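Sharing a structure, written as structure tokens. Questions coming.
Chain IDs A, B, C and D follow the sequence of writing; residue 1 opens each chain.
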Amino acid sequence: MSHLLLIVVPLAGAAIAAVWPGNSTRPWLLPVFGFAHVVLAFWLFIKPPVVAPGDWFGFDPLARAVLPVVSLLFLVCAAYAVSYLRIRSERPNRVFVAMLLIVLGLLSAGHQARHLGLLWIATEAVTLATVPLLHFNGTPRAFEATWKYLLVGGTGIALSLLGSFCLGYASLHGGGVGNLTFTALTAQGAGLSRPWVLTAWVLVLVGYGTKMGLAPMHTWKPDAYGEAPGIVGAILAGGVTTVAFTAILRVRAVVGAAGEGHIADRTLLVIGLFSMLVSALFLLGTRDFKRMLAYSSVEHMGILSIGAALGGAGVAAALFHVWSNGLTKGSLFLSAGNIRRAAGSPSMDDVRGMSVLTPRSAAIFVAGMFAVTALPPFAPFFSELLVLRAALASGQGVATAVFLGCLLLAFFGMTRVVFGIVDGRPRPTTRTNAKRFVETPGVIAPPLVLLALSLWLGLFTPPILREAWSAAVAQLFPTP
Amino acid sequence: MNLILDLVLRLAVWMLLAPLLPGIINKVKARVAGRRGPPVLQLYYDLAKLWRKGVVLSTLASPGFVAGPAVAWVALTGAAMLMPLGPAGSILSFRGDVLLLIYLLALARFCTAWAAMETGSAFEGMGAAREVSYAVLAEAAIIAAVLSLSVQTGSVSLVTMLSPSAGAGAVLLAAGLFTVLLAENCRVPFDDPNTHLELTMIHEVMVLDHSGPPLAAILHGASVKLLLFALLLVQAVLPTGKSSPLVAAGALVAGVLVVTVSVGLVESFLARLAFRRVPLLLTTAFLFCLFALLVAWKGGAE
Amino acid sequence: MSGEALNLLIGLAMGLNLLALGTSRLPSLIRAMSAQGMLLGLMPLLLEAENLDWRILLVVLATLVGKGLVIPGLLRRAMRAANIEREIQPFLGYVPSLLLGACGTIAAVALARALPLLPEHARSLLVPGAIASVLTGFILMIGRVKAISQVCGYLILENGIYLFGLLLIHSTPWLVESGILLDVTVGVFIIGIIVDRIQRDFDSLDTRKLTTLRE
Amino acid sequence: MTPGPLLLFAFLTLATGVVVGVRLSRTWLGLTLAGTVSGLSAALMVLLGAPDWEWRSAFSLGGEFVHLRLDGVSALFLVLLCMGGGAGAIYARDYWSEHRYPDSAPRGRAWWSAMLLSMGLVLTVSNGLHFLIAWELFALCGYFLITLDRQRREVRSAGWVYLVASHAGTVFLFAFFSTLAARTGGWDLGPMREQTGLAPLFWLALVGFGVKAGFFPLHIWLPSAHANAPSHVSAIMSGVAIKMGIYGIVRFSGWLPVPSAAGWVVIGLGATSALLGIAFAFAQNDFKRLLAYSSVENIGVILIGVGAALLAVTHGDALWGRLAFAGALLHVWNHGAFKSLLFFGAGSVLHATGTREMSKLGGLWRTMLWTAGFFVLGSLAVSALPPLNGFVSEWLVYLGLFDAATSKGPAAWAAMPAAIMLAMAGALAMASFAKAGAMIFLGAPRTQVATHAHECGMWMRGPMLALAVVCVTIGLAPILFWPVVARVVGSWRPAWITMEAPAPLLTLGAVHVGLAILVLMAAAWLWRKAHANSLRRGLTWDCGYAMPAARMQYTSASFGGIVAGWFGWVLQPERKMRRPRGPFPAEAIRLERIPETVLDRIIGPVSVAIMQVSTSVRRLQHGRLQFYILYVVAGLIALGVLVLLGGAP
């Protein structure tokens, strides 16, 4: 039952936060419950519980392969949130803190959901719970971003619901009882009605792809990431997208069991490459360094879906990439948040010379940028290289070429923006603004820790992690 | 022991005979023009005089101004030592000595150009620029010629290369090398050794500020270079390999004389080219050598 | 016999789709939307006519209240606050959207033929109705500029999906069912709130003003 | 005693150097020198006959066990690395000193050690994954060293061009190594010549490493980077870093099978780079750009040798291949030595005058005699003039080419044009460096800065002296270095292992020695003779012109004018001209700039086109929600179609 604690504990924390009196002390709940969650997660990670086939929730290998990184990311972001919310003490943070914890709980639920309906409920609930986080700044821009996030995301999530129903009907039509647990669906396998399965797959891919932010359903991402605080961006990019990705993986397993795996793989590959291409083109031109992070996240979602399209080795690489991308992107979002706050603007048109004003954040930002563009020895380099290797092993020559070309274009774009804001002489307005922002350890340590984690993950990937990933692969691609 | 003797003898030959050639050329030119002209030994007198004369140094010039001519002279004489003298062969011959020879000429060129730039005079600059620029095409031609020789004889050392069985390409080679000779030694139609319009000159304008012993070194070096090219041309073309030493020696001398005279004739009958035409002529020379190479390639097949 | 009644209701719902597409007045759009929602709410009663239990009733009640009262109320409030009565120059004209909707409905029927159905569903309009509503929802969301109309479009979309979900009403556990329902309701509720906020910040619900975030 | 401990020591010292370099400059210098010396001795140990050194770790890094290997090829380049690294470290002490660059000097020291370390790893690791890591790190260090002086915009842009170009190269290496891993089933590297299926991978490697090596037309990053970097950085970039590209090509053409076309392509690239590179160099006015382009030429020379070797491999291990290859390998060292020497010289000129434009200098020999002397020596060497080292290596390459020609095999068709182009390149190199030396050091100072120049200090002269000694030694006693080269040739291709010195090498050395002595004697003699006769100083006789002014001297542009005209089709000079008009002409202007043709004429338009695509795509993110939802629907439909197409069973 301990896996349910992963869901219950944060929700309880949220309840406490909702009634907690002190605006200044409330943020401390975040690291406390985050820490509890991490402890639980890793305890389960090391001692994976047995999952009964019929369970609706379960800490199954797939959850085991990704949930810990989400929890870890959340803990670091929570630590950052404490000092962040101290800086933003002018705004009430009751809703913010409560919602963050709810999101954590729902993320755990989504990762562990083994029932299509519950998975959908959790994902939709996360979408709704993130809304107050998105417009924490309360500016009109923030509300516009939230509005778009809600409608585009809502449409997508609705489609995925339709898809889930289709899958259910596929089971009914195939003579099943329409039991929506993945175990049952996979068990029914070839019995599922083919047309319905394919319809379901398209709808689910588009639906959860919208939440992942695959092009062309990514349009909400730059707005949301651009307007939300850095922490929210980090958690969205590292956690929420992960739920959607695991959902796609789970459904992909069902489709594979129905014998349509090759079609699913083709769609995944195409949409992944398309996402990389689109995001690379956007990265080449964008002038706003927070939106840049959004596009880069789109690019990495593309890499994930390409990995998912490449069979066992590819999925293992993709799971690795979930970890490396989550951690690295996290450090980028947090340091970018610092720079944004110090500079007072996210646009490289009026931000320059941040290496002078916020040397530490700028250094972390540059390092993180190099890390996320697959420069060794950080983790993304290794995971992307594994994806590449899997692609080449499965003879995807053209796809590989496009993949590498997009990586290159993305590198051009990101270096352009990042050095644009880091180098040069700062404008006077920026100087005055930056006076009000102090690089306290509280805002420097978390991104640094994430970067260090990424480095450690790349160089010294613990064997148990690899074992967890291969276990997840074994779960998704059962070998009869 | 007789190695030393050999060396001394060769040095003597080169140093004494070389200045003869410009004299002969001038004599020919004078005769053609219907004048009596300066004595054939004029250059010897000049050298002797210059050697005793004092030196005027530009205030800007560094020691390189004097060192340049010296190095150039050494390089040229060294190249001459590598050049085999028909039956006498060469004092030391090894694979690739021909390349050393070519690059020694380049060293000499570098030093003269350097010495010319010393004074900071625009004219010398101009001359040096022309010298080094035209050298590019000349070098290409020479290498092509050498390649054709070595392809023909299957060897990379001068002694064997320069005693070819008269290859089919001999004529082409002769034409090419003769043009290169004119260019490298700054004769008409590339350059006019005895005009005083500096703007139109290459070599003379480079040595404009030199005087006394350095000038002597330069002039003597130039004559050595002329002889060197004449010998190269003659030995490359004449099939002296099989014939007896005496005949060969005679042929050699005769050949050199012919070359010298024809230089003189060219100078008297041709006008100097406009500078923009010079590259054209050099390219032609290069093409001659290239065709010679192709002929050697085809012909030497058996 | 229940099949006939069900088809009748679905037919009505499809009609409401066309009405929603055709009207230029927001109140009638909202009315159409909520009416459709209530129709859908009633359907479980017909489908489960033989084995009714309190859960079904609960679900039905929740749907009726949510879709019939709460959400329309929210939207009307926002509408009044923004005092707008009618949709102005939509991206997609009414006649075109009507035609598109009609074609969509036809296409829906055709598409439903293409997909294999169980014998008991073969003759019901559930699937075509669902697809038609989904299409209608999309048309509204893409074609209209007023935030409220887009929300209505979104709700009609959800209705369509709900309609499709009825195919599985026997197999889906009521917990999941109600969870989904809850999510949808809360979602729409939050959308309502955001609409309200936007109305206050931009003092208008004209989405053409909501384009500050762009490349 | 195996190289292992020495290498470990070098690693530790350099690693500590990275850490302490920021604070303690003296300790750092000591550490760096210790590290380079021990690395050098390890490499020499292997080159002088110790067996190859190999080491596999028990721990794994990035999921792979560390596998180090120091064989002939690695050792050859390691020697170069240690030489350049040590010399540069000493040179930087004054050149990029604490009090002139208080903020960037400490960073510079740390990055320097990191650079040496990563390059050393590139040379020794024998595992694809770790090779990529070391390679990327080394590229990154290079970037941060080039942009030490970050405040200047042109430095930053030059650095950026370098960064993206090298990343583009790395992308090809990603493809190369992961294909290798996918085909062989592991990242571990080593000889795998028998797996003929791997041959096509050579092309990936050629491009990937070629960008770093900077042969034409992949040299786009090189001129601006070398010109704008601090001179000690330019020295190591040009002397050592671009050789890493050569190392990659040599290493993997030795370990993997090569396609039969490889030799032709490489020799062609080499000849082209040699000729065009030096043509660009001759036309430059910025002397550091000139040096940079001359690096392109020398890389071309090296590639000619390598290409000839590859040709020989595909033509039944012909003997001439070995000569050419030996020449190329020796030229790797030689170019490292004299190009670093020249960049150091350029650095001290820059240090003294603050300008890189030759048309602003002149007459520096009076104030900077040492620098002038070293520069002339370097110029002679780089122009491949006897009796210096440059000639030795080019002579070997020539011999290889001539033998290939005389062998009359099909290879001759590559060898003969290559030889001719090499000759032209040699002549042009001579011209370029005659121009550079003369414009900087001879004549009258053209501006104030040139008048007030000053000689550089001991710390900058020392490294120059050391490198000059290397140049002279290799030039005078090439036979000493033959065993080393032969060893490397052997470890490149075991079939070629038995290889006695070509006899003339000894003779050549003897001739060189004699020549050197005679030259010195003659110069001294003529000098004394000139003084013995009366010696007067007078104004330059400028054709009777009474008051010659410094501005009247021949400028670098006019000096290069003729050749620039011949190569106008590729140089594409940009001229700005205003002729003097009227009876009293006011001002007349003639400006000439030689752009980086490939960058401006090819890469530029392409990137503009890409940016246009990007802008048009970015318009889709216009903020209208309706369209965003339309995109979702479009995605839905597209995927549906895709599934239907694929769904046809």
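In this section, contacts are C-beta pairs under 8 Å (C-beta built on N, C-alpha and C of every residue); 3 or more make two chains touch, one makes a residue touch a chain.
What you are looking at is a predicted structure, and each value in this text was computed from that prediction instead of being measured.
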Each chain counted as touching chain A and chain C at once: D
Of C-D and A-D, whichever chain pair has more C-beta contact pairs: A-D
Most widely separated chain from chain A, with each centre as the mean of CA atoms: B
Chain C and chain D: spacing of chain centres that average the CA atoms, whole Å: 69
Where chain A and chain D are represented by their mean Cα positions, the distance between them in whole Å: 44
Distance from chain C to chain B - Cα centre to Cα centre, in angstrom: 99
Distance from the mean Cα position of chain D to that of chain B, given in whole angstrom: 35
Multi-partner residues of chain D (at least 2 other chains): 618, 621, 623, 625, 629
Of all residues in chain B, the ones touching two or more other chains: none
Residue list for chain A, restricted to those that touch at least two other chains: 147-148, 151, 155, 222-223, 282, 285-286
Pairwise chain contacts under the document criterion: A-C, A-D, B-D, C-D
Of all residues in chain D, those that touch chain C in their complex: 618-619, 621-627, 629-630, 633
Footprint of chain A on chain D - complex, ascending: 61-63, 129, 132-133, 136-137, 140, 150-151, 153, 156, 160, 163-164, 167-168, 171, 174-175, 178-179, 181-182, 610-611, 613-615, 617-618, 621, 623, 625, 628-629, 631-632, 634-636, 639-640, 642-643, 646-647
Chain C residues touching chain D - in the complex, by the definition given at the top: 91, 138, 141-145, 150, 207-208, 210-215
Residues of chain A that touch chain D when the two form their complex: 147-148, 151-152, 155-156, 159, 198, 201-203, 205-206, 209-210, 215-217, 219-220, 222-223, 260, 262-263, 266-267, 270-271, 278, 281-282, 284-286, 355, 370, 375-377, 381-382, 385, 388-389, 392-393, 400-401, 404-405, 407-409, 411-412, 415-416, 419, 423-425, 458-461, 466
In the complex with chain B, residue positions of chain D that touch it: 362-363, 365-366, 372, 376, 380, 383-386, 391, 395, 398-399, 402-403, 405-406, 408, 412, 416, 419-420, 423-424, 426-428, 430-431, 434-435, 437-439, 441-444, 502-504, 507-508, 511, 515, 518-519, 522-523, 525-527, 529-530, 533-543, 548, 550, 552-554, 558-563, 566
